[in-house]
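Chain naming follows the written order as A, B and C, and within any one chain the residues start at number 1.
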Amino acid sequence: MQKIPSFLDSAVKYGALAASISVAGIFLFLFLTLFSNSIPSITLNGLDLLLGKIWDPNDGVFGGLPAILGTIFSSIFSLGLALPLSISISIYYTEYAPIKIRSIISTVMDLLAAIPSVIYGIWGLWTISPLLKTHFQEPIAATIGFIPIFSGPAYGLSIFLASLVLTIMITPIISSLSIDIFSKTPVHLREGMFALGATRWEVCRKVAVPFAKRGVIAAAILGLGRALGETMAVAMVIGNSYIWPFSSVSIFSPAHTITSKVASEFPESVSNALQFSSLTELALVLLVISLSINLVADLMLKRVEGGG
Amino acid sequence: MHHKLEVQNLSAWFDEKQVLKDVSISFPSNNVTAIIGPSGCGKTTFIRCLNRMHELVPGARVQGKVLLDGRDVYKDMDAMEVRRKVGMVFQKPNPFPNMSIFENVVAGLKLLGVRDKKILSDKVESKLREVGLWEEVKDDLKKSGTMLSGGQQQRLCIARALAVDPEVLLMDEPTSSLDPASTAKIESLIRELKEKTTIVIITHNVQQAARISDFTGFLYLGSLVEFGETKKIFESPKNPLTERYVTGRFG
Amino acid sequence: MDPRKTKELFIRTVTTLVSFSVALPLLWIVADVIIKGMPAINFEFFTSLPAPFGETGGGVGNAVLGTLVINAMSSLIGIPLGILTGIYQSEYSSNKKVYSLIRTSIDSLAGVPSIILGLFAFTVIVMRVGHYTALAAAFALALIMIPPVSKATEEGMRSVPIEIREAAIALGLPKWVITLKVVFAVAKGSVITGSLLSFARISGETAPLLFTSLFSYYWPTGINEPMASLQVLIYNYAMSGFGEWVTKAWGASLLLLLIVLLINTVVRAVSKNNGGY
């Protein structure tokens, strides 16, 4: 009687342990695999992969700088737009919104976050791009087109469009987290400020914002991480070209990010070993950046919850 | 006798639940009025209606009149102005943790737009002296407000409330979370403050009410049972319910 | 007007406008997908294979089936692994270092961009097998499912009240029974929620499929071969520029959006009713 339960106990325990260790191991395995596949590129391309401006598989030249810059620019641009939007939404949610509206906002955020990237892509490609081109980019090019970053032909598919789409994609995530954080402001501190005759905005600014600051930054960093790794929507609207930033600095030019480069060139790279290795190394660079960003955000969020 | 604050037929609800039933009280100026009653009788809700804090809760509703010097606090004034004139000290001391002692005291003044450094530091000194905290913290004004003991924090909160020169000060069980020594300090402070301010204090400690208040109102299950001079309420209450409560036979 | 009140009104107006305008993209995308996708939807759409490039007609039947098959395979791998990991972390992990290590690994896995998971699956499976295969897709998508399912399981089990555990222990039940039949049973709602949400999530994942199951213009005949999917179809057809195909892409988007939004809405509504299960 004693043996059977003990056997099952071990079975469950070690089965669960085995699963956990495999999962933990997979992550390590992933890293090592990518790294080993990048070695040809690391040795043959050297720093050129990170700093080179030209990518030509036929000549064996693999410079990834435009793609790396594309990733950095589009992510920071979209964060720069998404963060004020998310903070505004959090303030509205916690200070002004009636309860029924609050649940509508939560639902809208959740649904926006659930829309598949490829659908953002087709919408960006076939609905927004033509509209953006005619009603935004062309007027701008006509009026202030002498400014370099707005110059040149108004392509619809551009790093500008990619950044806009990314903004819409990461705002829900940052907003949801920020709302959570703002909502945790202790009630007795808010009441203390109200009792002094403060307006809702003053209570928010003087009590809620200092309290929420660190958490909102962490949320922003998480949103940034999401933008960095976003593939499909970006690949479908960015134009997939190395024109930006070295042939034209205009944000209305087509460009590449690491993800769009890897996604679009991957099929042809299976026959070119160095090309494949170079794309893998670019992916590795992205992985390292993403993980560092997530680590920073995690550390900040942990300090928020611990310190309160 | 002039009544600074007059409450007429005040009723209050949280959603469907009625917490205050038709309460009418007149608060004499420059006197301490205590509101006593067992837990859940509506005392806190009552004073939160006086400075329009009750309405901050979703689903809260108020009916009746609250007059400050004859002006209807709900219809003739906006909430910000009311709260500046009718200050509040809370049960649990709540100094702002991200602000220094100095900044805590002047928090209300800064909202009013006062920026002059001399005016602010004079105010800090005079208010901290008033609450008897100046000698204890004068060298540590830049330290965070939360570094102080419970009693000191509460006195800091009183200084903060006084800094905007309110006409009425509402105190919601201000000493219930403090030790006896701090309690004594704050009680003597209250006796001094009434010369300049009208004070309404909620307490579940009937001895405290007897010690420091001039007038007392007894609230039970949301209704006012009896109101009058403290001496009369304690020595010869008219209502048997009042008598049972103040002699400690229930609640 | 008092400058403080002006500021208050300004902030209130701006934040209100911003919050309401965020609903705009949602409504626009949904409306667009419906308006542009409806024309493509008919019986043939669900049941036929794609017509050759340049011709009208045909359908996306193989992609619908493909998505279901790939999702099913991924769930078969990902959900049990996620649950087992969550159970271990919640019930058996006593050593702090081991717990942290597993926790960090799972969190890191969750932070890996899905395109990289696709590249990984390509490297370890497709390259070894010598051809694109839906099995590799199942592997990559399972890796996406594991962290959220694991987290939902762990949190669900941890939040089971200690009184229930103690009652089971007091009855003299062996640990494995307590873990599986008592605690896990109570946490089931959380586990189901997490699993359904990750199912919806992988339905939308496209990048990994480009490296693994790729695409096919035929009905699936086995799981160890390239397979069509709605996601990759949308990508290929939308980018093709061919009007017929773009319309089909919108139709496929409508289908995909419906599935994903339906699962999300139902799951959230049910979990609210159960008190946040």
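Keep in mind that, in the parts below, a contact is a pair of C-beta atoms (placed from the backbone, for glycine too) under 8 Å apart; a residue touches a chain by one contact, two chains touch by 3 or more.
This structure is a prediction, so every number in the text was calculated from the model and none was measured.
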{"item": "Chain separated most widely from chain A, comparing mean CA positions", "value": "B"}
{"item": "Centre-most chain [mean C-alpha coordinates]", "value": "A"}
{"item": "Between A-C and A-B, the pair with more C-beta contacts", "value": "A-C"}
{"item": "Distance from chain C to chain B - Cα centre to Cα centre, in angstrom", "value": "54"}
{"item": "Rounded Å distance, chain A centre to chain B centre (Cα mean)", "value": "50"}
{"item": "Euclidean distance of C-alpha centroids - chain A vs chain C, Å", "value": "18"}
{"item": "Residue numbers of chain B (touch at least two other chains)", "value": "80, 111"}
{"item": "Multi-chain contact sites of chain C, meaning residues that touch two or more partners", "value": "4-5"}
{"item": "Multi-partner residues of chain A (at least 2 other chains)", "value": "199, 202"}
{"item": "For the chain A and chain B complex, residues of the former touching the latter", "value": "98-99, 188-189, 191-199, 202, 206-207, 210-211"}
{"item": "In the complex, chain B residues that touch chain A", "value": "51, 53, 56, 58, 80-84, 87-88, 90, 92, 94-98, 107-108, 111-112, 157, 160-161, 164"}
{"item": "Sites on chain C touched by chain A in the complex", "value": "4-5, 7-8, 11-12, 14-16, 18-19, 22-23, 25-26, 28-29, 32-33, 36, 80-81, 84-85, 87-89, 91-93, 101-102, 105-109, 111-117, 119-120, 123-124, 143, 146, 150, 174-177, 179-180, 200-201, 203-207, 210-211, 231, 234-235, 238-239, 246, 249-250, 253, 256-257, 260-261, 264-265, 268"}
{"item": "Interfacial residue positions of chain A with respect to chain C in the complex", "value": "5-6, 8-9, 11-13, 15-17, 19-30, 33-34, 37, 85, 88-89, 91-93, 95-97, 104-105, 107-112, 114-123, 125-127, 168, 171, 175, 199-202, 225, 228-232, 235-236, 259, 262-263, 266-267, 279-280, 283, 286-287, 290-291, 294, 298"}
